[in-house]
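The structures come next, written out as structure tokens.
You will see chain A twice below: alongside chain B first, and alongside chain C after that.
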Partner chain A sequence: MARVDLKNVTKDWGTAKAIDDISLSLENGEFAAVLGPSGCGKSTTLFMLAGIYLPTSGDILFDGARVNDVEARDRNVGIVFQSYALYPNMTVLQNITFPLRFKEISRADAERSAREIAELVEIEGLLDRRPNQLSGGQQQRVALARALVKKPNLLLLDEPLSNLDATLRLSMRTEIRRLQRELGVTTVLVTHDQIEAMTMADRIVCMNQGRIEQEGTPEALYSRPETVFAASFIGSPPMNLLAGEASDGGIKVGEAVLDTAGDVPPGAVKVGIRPEHITVNGEGVQAEILIAEPLGRETLYTARSVLGTTRFLEPTSVPRFKVGDQVRLGFEPEHTILFDGNHDRRLEGVRAHV
Partner chain B sequence: MRASSTRRQASNFAIFLGPALAFLVALLVVPIAVDLVVAFTDMAQTVTVDEFTTKQFKKIVRVSDDSLLGFELRGSFYRALTLTAIFVFFTLSIFNVTFGLVLALTTTALPDRLGAFFRAVWLLPRMAPSVVYALLWIWVIDPTERGLLNQVLVNLFGLEPVNMKLDHPMTVIVLSNGFIGASIGMLILTSSIRSIPQHLFYAARADGAGSLSIIRHVVMPALRWPLSYITVFQTLALLVSFEYIFLIMGPSRSTMTMAMLAYTKTLAPSIGSGLYAYGAAITLILIVIGMVIALLLYRLTNMKSLLAQPRIEVH
Partner chain C sequence: MSGEERMARPVDQPDWESLARRALTMARIKRGALIVFLTLVSVPVLLPFFWVVVISFSARTGGVETAVLWKACGVLAPCVLGYAATHVVFPAPRQRMTAALVAAGVAVAGLALLVGSDLHFDNYRFLANPNLVEDLRGAATAGGQFPWVWDAFFNSLAVAAASTFTKVLIATLAGYYLSRFAFRGRSFFLQSLLILEVFHPWMLTIPIFLVIFWVGLLNTLSAPILVLTVIDMPFFIFIMKGFFDAVPWDIEMSAMTDGATRRQAFWHVVLPQAKGGIIAISVLGFIRGWEEYVFVTALRTGNSYWVMSTYLYYVAEDVMGVDYGLVAAVSVFYMLPSLLLYLFLQKYLTQLTFGGVKG
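The block that comes next holds the complex of A and B.
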């Protein structure tokens, strides 16, 4: 277990900047998720923590000690890969004991630790199998066991759930979280799936184009996104973001003018409102339903109004409205978020309502 | 209805497989059949068959009635058998497999461009015409002080010049065939190493493995099948190869392998050629040896288990 710090880390691939000056601290035992779209630098960050890539500049510290020059094999880091990367020629037991071969541990002790960890991830019946005789979920567990058997300082999970089917993903999510709590190992999960990040991690680090957009608890990222990117990337269905122009008289969005609370500086702004924070048939503007999508527990509508096209959620499993129906849409003002239209950053202490 | 569909099947078979079958028969089956027939005749310089006989094989197993000539033929056959075994074993084990593996491992460990450069260098002899390649070797091992090897030995190390052709003939043919043969192994093994998922290397490094452990536990297991393939394929190729031996050494008795013997006794002009039936008999023996070796290696390398069905259980 270790405390992990990244200090002003950058990574260049030739002239391309993969990681652009990121700093990050992880407490001992913390579970952090690095979330972002493909190519945002999240896997690069992970591989730098593992010692597989070297940072171009900046420092990586484990428990306060600089590890930039420490080779991957000496960092005592466990990794679970998206492809699981099990050794195809070895049995499950040999796969799990493989990391212990390079430590001064007797064969018997290594085998005992492997069996203990196998029991923990519930694969004790599969130890004599080879990876090609296992299902995806089983391979996943073997990969976890192999990463955990050496009692790593740091556990790195690289999109570990993306090759599993939906049900299995749900159970592995809880499983990994349980294991991490039980063992108290500092963990970094890399994912492009915001639900994975939200459900599993204590803290989310949202990355975009090699930079950290925002970090914080899942709740904070959801309810107080600092940037337009974080607002649009987190939440499913995504937040409505309406481009407008602020002046003394309010914010002009489309053909409508929104009232404001607080001091909105004049100029371009974006008004953000999540689909579940749109009120229906109260005060508001006239809108026409374009699409109705039943999601099971609720229904997602897409509607057109003077504001433009907006999405809203209704907590009914059977759609209340049909395509073509007329409704009145309003905003819950306390849930509106305004962004500076030029820098895409959140404006503090301001609200808008229809 | 049924009759027409059967006819259709037959015509499809003829159209799609016919050309390939004709090709196989004409180029692979017919020569072996001809060889089989000729081996049991007395065909010689006149290219006529007077009788069907097993006397070609008798020449090999015991001193025949043709006394002196028969004695000579028997001697050269057993000598050829030994030289072939030495030639195939050393070329294969030192160069085609081991050196090919070393080249593949080192060139894939280098940065991409540098690795590709070295691989290209090793491919050059294969791209050059064989006569040019052979001429270069003849120049390298020239016994006078003009030879490259002797220039190095004499000028750099102050040693006596050596006559490789005379004193180490087998070394010459093993080296010359090995330098060219290693490139096939190198290419096949390089592509096999490249096809190992990158994550497996990352996983091994994170698990604490050093370079040698990675080669042993990640790379070598992935090369089992290509190594078996190279061994089988190159054994068969070397058994019948005589091109470079002939070009560099000529019909020298010191490097008269089975394939060389069959060639010089039949088709080589002006060096005792024309013993067609005898050459065919040797070739037939060579074919049988090749088949036995191929089957043995197939068993030894356990290719069957490499094709085992996975047992997958989904839960």
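The block that comes next holds the complex of A and C.
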């Protein structure tokens, strides 16, 4: 269990910058999710924490001590790989005791701790099997047990759920969260699935192109995204972003003009509004339904109006509107987020409404 | 109403049962044809071996007993064909097993009855008696003293084992290094490995002879061991690289975060997964050393050492008047180790193609 800090860490591959000056602090026992699209440098960050890659510059600290030059095997970090990376030539028990082989622990003690951890992840009946005799979910549990058996300073999860089917993913999500709480181990989850990050983590670190876009609690990232990237990446269906031009008279979006609250600096802006915050048939602009997608609990519509193409959600399982129906769409100022159109950063203290 | 009736005229239902019957019959015919084809193709391959084995057990001093050969063929051919036929007719494994046992039983009984009295072990007396030719003809042969077969056997074993061990050791380490590490000249190294495969090693016989002469290893067993090791090396390195390429990086990284050093990760995790490749190149390397003739003859100037291939050549050519029974017996004895190796390890040899493709 450790406090982990990254200070101005950079990683270059030749001339390409994979990680561009990131700083990050994880409290002891915290569960952080690093969220981003593929190629954003999230796995590179993870491998640098593990000691597999060396940072080009910057420091990595465990409990305040610099560990840059400490080898992977001495960092006492547990990893669950996307492919699970179980050792196919060993039984499940041998897989789990493998990390203890290199420590000064008697074989009997090693087996005892392996059995304890196996019980914790509920695979105690599979200890004599080989990895190729296990289902995906069972392999995942073995990988977790192997990562946890050495009582790691830090648990790293590299897209651990992406190879599981939807139902299993849901149950493993709660399972991993429960284990993490029970053991109090500092954990970093790398994922491109924003739902995974939102549901499991205490804190989300949203990355893009080797940089941290924003970090904060899941609620903060959802309700106050700092950048256009964070706004569009978090939330499903994604936030509507209406490109417009601000002037004294309001914000011109397409052929419509939105009223503003607060002083919007003139120039290009983007108006963000989440699909669930769009009001239907109140005050607003005329729109035509293009697509209606029943999602089970609610229905997602795509509509075209003078504002452009917008998506909105309605909490009815049976669609209320058909394709081609005319509706009025509007939104309240407190639900809007304005971004500077040139720098894609949030504008503080200003709102807009129809 | 009348319009609807006209539209609802009976549609031709396919006769599913007859279609299924036809498919099954076709499958059976195809399987039968395949067995006949494979049997025909294997006859020219198997017949010489069969001939050698029969001769080695039946030939009396010098002559060849063709009668025994034809009688044995007459017994075995119907048994094999009969077994093939039952294999087509009976689908259940248990029935096939019974058919195989019956066929084998009939074959053994038939052979015992027809040719049993003609079989003997006289031709194998070379295994126990170093002086068989002198005993027979009262004088040594043209080349001087007749070599002792166990000398040749253990020399061959030494050549095959020593060259195989060196080859496997170096090829494994080099293959791993080429698969995992980026270093200056890596691609050049890989390309030159392939270029070496283009030239036949026999073209190098004379330069190799000179090198061996200057080094002072002429007429020693070390010479063929070294040469064989070097000749197979590029190919074996390539095979091993292919096997290591197929081992995912994740597993190695995982082992290293689990507390293993790179060497321990290689030993405990990576190497066990390249086991198939190691066994395959071991078998290939061993058979290569066991059957080597060109370099063992080229690198000795007299009869300084005997190996099995030169011994067989000696028996076939240098004994005054060819003794077919003896040559056949020596051949069978010579084939046996390769055959056993192949029988027990052939599943690793078939993996070789996959490993090679990946490389």
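We adopt the following convention: the second predicted complex is superposed on the first by the 354 of 354 C-alpha atoms of A that agree within 3 Å, B and C clash if a C-alpha of one lies under 4 Å from a C-alpha of the other, contacts with A are read in each partner's own complex, and residues count from 1 in each chain.
Here is the rule we use: contacts are C-beta pairs under 8 Å (C-beta built on N, C-alpha and C of every residue); 3 or more make two chains touch, one makes a residue touch a chain.
Note that the coordinates shown come from a computational prediction; the quantities given were computed from them, not determined experimentally.
S.K.: So, on chain A, is it clash or fit between chain B and chain C?
M.R.: Once both complexes are aligned on chain A, chain B and chain C clash.
S.K.: Figure out whether A:Ala243 sits in contact with chain B (first) or chain C (second), or with both, or with neither.
M.R.: neither
S.K.: For A:Ile52, is the partner it touches chain B (first), chain C (second), both, or none of the two (neither)?
M.R.: So A:Ile52 meets both chain B and chain C here.
S.K.: So, does A:Leu170 touch the first partner chain B, the second partner chain C, both, or neither?
M.R.: In the superposition, A:Leu170 contacts neither chain B nor chain C.
S.K.: Which partner does A:Pro99 contact after superposing on A: first (chain B), second (chain C), both, neither?
M.R.: Both chain B and chain C are touched by A:Pro99.
S.K.: For A:Ala268, using the defined touch cut-off, is the partner it touches chain B, chain C, both, or neither? Pick first, second, both or neither.
M.R.: A:Ala268: touches no partner chain.
S.K.: Considering only the touch criterion stated at the top, classify A:Val280 as touching first (chain B), second (chain C), both, or neither.
M.R.: In the superposition, A:Val280 contacts neither chain B nor chain C.
S.K.: Quick one: which of 2-10, 20-28, 56-64 or 92-100 on chain C sits on top of chain B after the fit?
M.R.: Answer for the clashing stretch of chain C: 56-64.
S.K.: Using the superposition described at the top, list the residues of chain A that contact chain B and also contact chain C.
M.R.: 47, 50-52, 71-75, 77-79, 81-83, 85, 87-89, 98-99, 101-103, 146, 150
S.K.: Which positions of chain C touch chain A when the two form their complex?
M.R.: Interface residues on the chain C side: 248, 250-251, 253-261, 264, 268-269, 272-273, 275.
S.K.: Mind pulling up the chain B residues that touch chain A in the complex?
M.R.: 197, 199-200, 202-210, 213, 217-218, 221-222, 310-315
S.K.: For the complex, give me every residue of chain A touching chain C.
M.R.: 47, 50-52, 71-79, 81-83, 85-89, 98-99, 101-103, 146, 150
S.K.: Would you tell me which residues of chain A are touching chain B in their complex?
M.R.: Interface residues on the chain A side: 47, 50-52, 71-75, 77-79, 81-83, 85, 87-90, 98-99, 101-103, 129, 132-135, 137-138, 146, 150.
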